[in-house]
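Scrolling down, you'll hit the structures one after another.
What follows is a pair of complexes built around chain A, which joins chain B in one and chain C in the other.
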Partner chain A sequence: MDKAQQDQNAKYQQMVKEATPKPEHRKNIVLAFLTGGIICTIGQAVFNLFSKIEPTRMETTGTTQATMIALGAIATGLGFYDWLAEHGGMGAAIPITGFSNTVTAAAMEFKREGYILGMGAKMFVVAGPVLVYGILSSFIISFFWAVLTGTLL
Partner chain B sequence: MTQKRQGLQTISFDQSPRIISSATIAGPKEASSNLGSYIDRLVTDSMVGEQTPEKAERKLLYQACQDALAKTKLTEKDIHLFIGGDLLNQIISSSYSARDLGIPFLGIYGACSSIVEGLGIGALIVDGSYANAVLVATSSHYQASERQFRYPIELNIQHKSSNQWTVTGAAAAVVSNQGEGPRITKATFGRVLDYGIKSPNDMGAAMAPAAADTLCRHFQDTNTSPGDYDLILTGDLGSIGQKLFVRLVKEAGHTLGTKHMDVGAYIYKPEQGAGAGGSGCACSALGILGYVIKEMYQGRYHRILAIATGALFSPVSYQQGDSIAGIAHGIVIEG
Partner chain C sequence: MVAFEKEGRTVDYLKAFLVGGTICAIAQIIYDNTKLTPAHILVAFTVVGAILGGLGIYESLAQFAGAGAIIPVSGFGNAIVTGMMSEIKRLGWEGLFTGAFEITGLGVTTAVVFGSLMAVLFRPKD
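Our next item is the complex of A and B:
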């Protein structure tokens, strides 16, 4: 790209920046905090409920996660979760219900191309990177943790 | 032959091909939009009874074609060519409609500028007497576009204020040298311009330079100015792209003022939650074949310049780090 084109692009990008309305950070942060908070409160309530039935903390954690994933999937199927995320932003995306939504939304979308090449193949099209890098980073962290604490040897 | 060319990029039609009929169809969100009363056929279900949005889009396109034909005395056999374009991969809405229409088909892709590209090519063909009547149609569908260009519909995405909403609908027109209707008198086919915009959330910004370039080129080629037109219509720049367009045009020495209207920025009401406005092939198409043509018949406009804009964007090129190029084509409609 020549110099003149670069200058023109830089000038234009400045114009675009000026013309684009600033995101409403304050409102977004408050809504994200409330949305995330409400989802986590529901999660805590579910946890407390299961802790009365399940004998160990590990089991309670497992059933709570499974319940929240199911709730996220149901809310997605009912067409509620995208509305929630439109207003709640990251507050809806970060909790495990958001992860459930990425899988369910993709599964719903690609079911039209069949259960094998559609839904089966593309269910993790959005959630895939989360899984890959989630597993990779947890492996790295647990490796160092094991080395540092001496549990590896 | 050469007198048909004016300046660098403009073509002047001496046979004056006419838009002898036009038909528009759109979904429920468009029904309650500012253009609602200009649309011929409104459907209450954006899926029109189909299982997938892709099938729904082609049904809308086919219906628009049928409606446009029904308004004339012509049948499929009298139409020498069908020129169609849409946003979906391999322009399937157009090609499946062409299969069902049985008319020789020229598929075009100019992203959201397709309607003017189609009308321009149609006018060229009719003006050159290579066809007596040409059917031109384009379509777009919100759900079909979202899944192709962006994310699954139900995904937890917070849309940015610069995002645009793909219009669900279709429009068709019959361009012919016989019959009555507004005339297509000039066409200015645009250059592809790329000012280095990389965000797919800024389509308006990606298209504005091309729109400004085509407009200024048209003024220069035809020795006209904004005062010579009752309306200068742009396709789907949206509220942000429109601001940039007006500024670029002003820097080139033309003040548009109230003569300018952008269909993308105009179509949806603020409470409809469409971000920076409408987009898609149907956006410009509903604006030109719905709003403009109807207002022309009412006698409000006599000479308009319609510039449809397209972002030549592909998820693949974007992911590979390419910037988004824009294109804009203009036609003058008089009636």
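Our next item is the complex of A and C:
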């Protein structure tokens, strides 16, 4: 194969690469929508259940999120969530069950490096940044909200 | 009355499905068209949820969509800021430091307990 032909091959491959991802993207979006939608529908069932028991909306929110986190952890332990994440993409990652999945998956993965420096230290390798930036941004917003509304004075 | 309630509940599920699915679809579009990792997107959605929560916008979405707004991580960010503001109302400035886990503490502790339990019980698949 001479050089010109190789170049042309490479160019052709490049063109194919650029042309193909579009339908793939559309499929990803639909799968993310369905996966995320189904997880939130299950969440709604949990929410409806807790809204009968819990006295306030805040507590209902907390218990609903915690229950979904527990379900996400169990699904991860059983290996089901990996399959879901593979097909659902962001539809599996963005719900709170995906947050739970990152904690459990890291705990399972790093257990072999020991319980303290492995599991304990690396459990929040992805969830840690979520907490850190969630808290930092909330802190700043709450501070300004409190000052502007006079709640702190 | 019962029939009305039942109907209302079906609508709740539909709204949760549509709004939750839409939030995830937006994340997927961002993921497919940028070089951001899932961790970056999780952080971004949490922060956006916290900001919209602080502005009072996210709560309106949660009133409408229920779990469709509460279950995505943006709802987790909203829960952090909502807990903080409620604790500030109750305690004053200390609330800025105690409020983050007012609502989310339940979830974070659940993640630690169940994550550890799963790690003890199961081995990751190769």
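The definition used in the following text is that the second predicted complex is superposed on the first by the 130 of 153 C-alpha atoms of A that agree within 3 Å, B and C clash if a C-alpha of one lies under 4 Å from a C-alpha of the other, contacts with A are read in each partner's own complex, and residues count from 1 in each chain.
Following the convention adopted for this analysis, a residue touches a chain if its C-beta (ideal position, glycine included) is under 8 Å from a C-beta of that chain, and two chains touch if they have at least 3 such contacts.
On a predicted model such as this, the values are computed, not experimentally measured, just so you know.
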Which superposed partner A:Pro23 touches (first chain B, second chain C, both, neither): first
Which of chain B and chain C A:Ala105 touches, first, second, both or neither: both
A:Val46 touches, of chain B and chain C: first, second, both or neither? second
If touched residues of chain A are counted for chain B and for chain C, the larger one: C
First, second, both or neither for A:Val126, with chain B first and chain C second: both
First, second, both or neither for A:Glu86, with chain B first and chain C second: first
Which superposed partner A:Met15 touches (first chain B, second chain C, both, neither): first
Which superposed partner A:Thr76 touches (first chain B, second chain C, both, neither): both
Overlap of the chain B and chain C footprints on chain A, listed as residue numbers: 21, 28, 76-77, 79, 82, 88-90, 93, 98, 102, 104-106, 108-109, 126
Contact footprint of chain C on chain A as seen in their complex: 21, 25, 28-41, 43-48, 58-59, 61-70, 73-74, 76-79, 82, 88-91, 93-100, 102-109, 111, 119, 123, 126-127, 129-131, 133-135, 137-139, 141-146, 151-152
Residues of chain B defined as touching chain A within the complex: 51-52, 147, 151-162, 195-197, 202, 205, 209, 240, 243-244, 247
Chain A-facing residues of chain C, complex: 9, 12-13, 16-25, 27-33, 38-39, 41-43, 45-47, 49-51, 53-55, 62, 66-68, 70-77, 79-86, 88-89, 92-93, 95-96, 99-100, 102-112, 114-125
Contact set on chain A toward chain B in their complex: 8-9, 12-13, 15-16, 19-21, 23, 28, 76-77, 79, 81-82, 84-90, 92-93, 98, 101-102, 104-106, 108-110, 112, 125-126
